[in-house]
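Before I ask anything, here is the structure I am working with.
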Amino acid sequence: MDDLDDLYQEIILSHNKRPRNEGELNPHDHEAEGYNPLCGDRLQVYVRGGSDQIEAVQFTGEGCAISRASASMMTESVKSLGGAELEAKIAEVLQILTAKEEPTVDPFEMGELAALVGVRKFPPRVKCATLAWHTLQAALRDKNSISTESDD
Amino acid sequence: MPEFNIDKIRAAFPILSREIGNKPLVYLDSGATAQKPKAVIDRLTHFYEFENANIHRGVHYLSMNATTEYDEARETIAKAIGAPKVEEVIFTRGATESVNLVSNGLSETLVEGDEIVLTLMEHHANFVPWQILAEKKGLTLKFANVTDTGEIDMEHWKSLFSSKTKLATFTHVSNALGTINPVKEMTAFAKDKSDALVLIDGAQAVPHGKVNISDLGCDFYVFSGHKVFGPDGIGILWGRGELLNAFQPFQSGGDMIEHVSVSGTTFRQIPERFEAGTPNISGAIGLAAAFDYMENEVGWEAAEAHEQSILKYATERLSEIEGLHIRGTAPDKVGVISFTMDSAHPHDIGTILDTCGVAIRAGHHCAQPLMEHYKIAGTARASLAFYNNREDIDALITGLEKVQRFFG
Amino acid sequence: MPEFNIDKIRAAFPILSREIGNKPLVYLDSGATAQKPKAVIDRLTHFYEFENANIHRGVHYLSMNATTEYDEARETIAKAIGAPKVEEVIFTRGATESVNLVSNGLSETLVEGDEIVLTLMEHHANFVPWQILAEKKGLTLKFANVTDTGEIDMEHWKSLFSSKTKLATFTHVSNALGTINPVKEMTAFAKDKSDALVLIDGAQAVPHGKVNISDLGCDFYVFSGHKVFGPDGIGILWGRGELLNAFQPFQSGGDMIEHVSVSGTTFRQIPERFEAGTPNISGAIGLAAAFDYMENEVGWEAAEAHEQSILKYATERLSEIEGLHIRGTAPDKVGVISFTMDSAHPHDIGTILDTCGVAIRAGHHCAQPLMEHYKIAGTARASLAFYNNREDIDALITGLEKVQRFFG
Amino acid sequence: MDDLDDLYQEIILSHNKRPRNEGELNPHDHEAEGYNPLCGDRLQVYVRGGSDQIEAVQFTGEGCAISRASASMMTESVKSLGGAELEAKIAEVLQILTAKEEPTVDPFEMGELAALVGVRKFPPRVKCATLAWHTLQAALRDKNSISTESDD
């Protein structure tokens, strides 16, 4: 039960139920589709601006609570970031999700994103959580689609 | 045959007494792979500890004995599935390889413009090989629709046949929906309407009741050992001898050749023709042990009746859950229950059930065309075998209540 | 690692304590298939009794665990054979399927007039697939001669290379003669002389000592699990990733696809690209257990040293028998001793030895081109593993004396 | 030991060592090659005359003691047979070698051929003993080659 409460924290459930920034972003400068072939989930990420400076990010697509919440939080947390700061944010999230060692998460600094750390105890769900972030990366690099299988 | 006693049956499957976390395992994923009775596990152990040898070419006792046992395994399986001729039973790695073997064999004779009739409920294993072949050869694939209850739309399916139809292939039982298709009638129609060959994918049928291939009228029938309580890495292709012997070999190497020389090679007839190299000897023997177990220790009819009673119970209990939709409600079904919930994604359902010790599948079940047809990304699927009981279903329901607590 | 103690080693192989008739089993047929240590058998039993599940698509514990174990098996094997990248290790049914996979993959790129350099000591598994491909594509096969001692005639082999050579393939160790070929030097020559790809058939090498693929410089390396103390129905293809990913899939179905729809399908990269359908999961895990056993319980070096000492003893004892001719007398040999006798046909030798509990092979050993070259129909072959001892050889000699009593 | 003595009876060993009618028969009216793919053995059978009346039979080829002895005895026992009598002889030998039930062999009637019954206890060797007889049948039917694998 404990682990499950870690996974489905209130914050995750709430982002899943009422995702922020869901819907196609028009106009947009970049977009990509992320795909998890094992469960069939798909996610589109739309970006206005670019790596230097993100103006807005939105997403559409189907997915489980983890992938939707992660996408929703992603759109909020990278808005208005750019350059090294943006890269660091993406890297940080992927790091806490996939690093071999238990990460030390500073909830004060990470904000809501700290909730994602509960996914670590559910290895097959990690890809659900990383999907939005990988897709964002792909969009910024104008790679039109990524699949969780070829990507990590 | 002993009376069907579910507790005794469960005791014959060692894994069913294990715990997951500290909850008893509730295994509702037999559609993915079935659990193995002790009889099968012991047979494998005995083979490796006492009988292991390569077959065919040996003049020593162990090799002769292994050869006899391998041959007898083929006979046992042929008899169990009603194959008219023993040599028509080919050992493969599984249903997937069996379909690939046939698609490879037919690639020699099918020509541009020929048509294959499939259904939208095929597993990828009976879909992708034909798609690849169609692309290579310029064939046309025609897909029968599936109705809202999860049955093949028969009128539509029948309308797909033409004089160009060279193959009709369909699954005996849908792995994603549980629907039992009327394969005998379908085969008769196909044969009557065209001179199409008929291949039936029996991967999800064989574990749920006795199949008699002779009775079906088809040309090819495929299934996997691991889904029918047998070992990994073994499966069956049954096919009509005259068709199989006309196929070019699928793989080549030892045992399938008659004579090899630098100037040319001649191939043997079935079954050796398609069993190049050292086969999965213990796998074949173990699969025969699984059929023996079903025939002599359990009884297919009793197993089927029991499974149906659990299916009925499960369907009733699940129907009581608000916002839960069973996908696949055909009157003729095996114990496969696919469902979606308004509040929760299949993946989340699967994860929460797992924390209750309940093992189900979540996803597209290698049936993406079907999912696209239903416009869903996937379902949660509880799949039964004759070793499941009511307590398993109760645990499932309890788990789903937990899902609702999180997502309701 | 424990010290190498032959009695302890033998005790780890249950079959070695059985009797044939009322004689202790003397197993000298490891070249056909190796016996399995208890560690491997127990690993299989444990999997089936406690861990059995399908892999990849599951969100439940058993499925995740089986997936992890299957992936770890690949890592263990990759490490054991020195494969540079884990994903380059493909699970197949055996060496035969591995060769077929490569020949199928190359069929897309090889064109009429291209040449393949082989040797006359290839097993049918590394011969027939190329012969079939050559016929289909108009390729030229060139065969290197074998010398009287049973070695590849290197001058002749080298002379076969040309600018048209697209593949050189040779066995690491001859199954019929025991000869260890200088595969590293051969690979270097082939790469230097041409841009041929190099495929090495390691089926008879891997059981006799540690192989380090990275060290060899080849492009493909194949072997069978059952010959290296692992289970049936599993084998390995190692190949360079960029080559394998450029191959069209060999078989198609579940697990190897990225996305399937009625309008088209995309395929995954290695290893999944070539592992369509449910793989032999327990087979892969059992094969990893075999490598673990060899690395941690036996030690490859000690195993090799012991086998060589028995080979030496056997060669000496056999040489004393009048009218007995050892075929294959290369200085670098594994424990394979093929022989003929003036007085008796190999089949008769095999039958008489069998009545003494001594298991050997008699025949062409799936190496007919080699037999034709030697102008013999076959040989009697005693093949060793590290679990054989001097008593096994003494029993063989006693048996051969009996052969002489009948036929002398 | 007993079984082995049954298999390699003196009569078999003597036919193996000094086969009768070995060598190509010239001229001949029929010939066929028999092949055992499992062990690689080959046998040529040459016939002068035909099914109605065999005048002479000879054989060449490699093989084990059983196949050579069986071939040698075959050449002797069918010489000058024809029609139903010939067919009956062939059928009788194949019968005692392959029938499921233990055959009753009358050594007086069967003559040396009775020695072949010892092969029954060695199933993988039965094909060695039948090869010559199947090859004779093939020759008489002008089937040029047979293989033990396609034939039984």
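Miscellaneous remarks
Every chain is named by a letter (A, B, C and D) in the order it is written, and numbering of its residues begins at 1.
One rule holds in what follows: a contact is a pair of C-beta atoms (placed from the backbone, for glycine too) under 8 Å apart; a residue touches a chain by one contact, two chains touch by 3 or more.
Every value quoted in this text rests on a predicted model; they were computed, and no experiment measured them.
For the pair chain C and chain D, the distance between mean C-alpha positions equals 37 Å. Computed centre separation for the pair chain B/chain D is 47 angstrom, with centres defined by C-alpha atoms.
Under the contact definition stated at the top, the residues of chain B that touch 2 or more other chains are 57-59, 257, 259, 347, 351, 362-363, 368.
Multi-chain contact residues, meaning those touching two or more other chains, occur in chain D at positions 38-39, 125. Taken as a graph of touching chains, this assembly fits none of the simple shapes: it is neither a line, a ring, a star nor a complete graph. Counting only pairs that meet the touch rule, the chains in contact are A-B, A-C, B-C, B-D, C-D.
Looking at the complex, you find that chain B touches chain D at residues 56-59, 64, 257-259, 268-269, 272. Of all the residues in chain C, the ones that touch chain D in their complex are 344-348, 351-352, 355, 362-364, 368, 371, 377-378, 406-407.
By the touch criterion given at the top, residues 1, 3-4, 7-8, 13, 38-42, 62-66, 122, 125, 128 of chain A touch chain B in their complex. By the touch criterion given at the top, residues 14-15, 18, 20-21, 25, 27, 29, 32-33, 35-36, 38, 40-41, 44-45, 48-54, 57-63, 93-97, 99-100, 120, 123-129, 131-132, 141, 143, 224, 226, 231-234, 249, 251-255, 257, 259-262, 264-265, 276-283, 347, 350-351, 353-354, 358-363, 365-366, 368-369, 372 of chain B touch chain C in their complex. For chain A in complex with chain C, the touching residues are 35, 37-39, 123-125, 147, 149-150.
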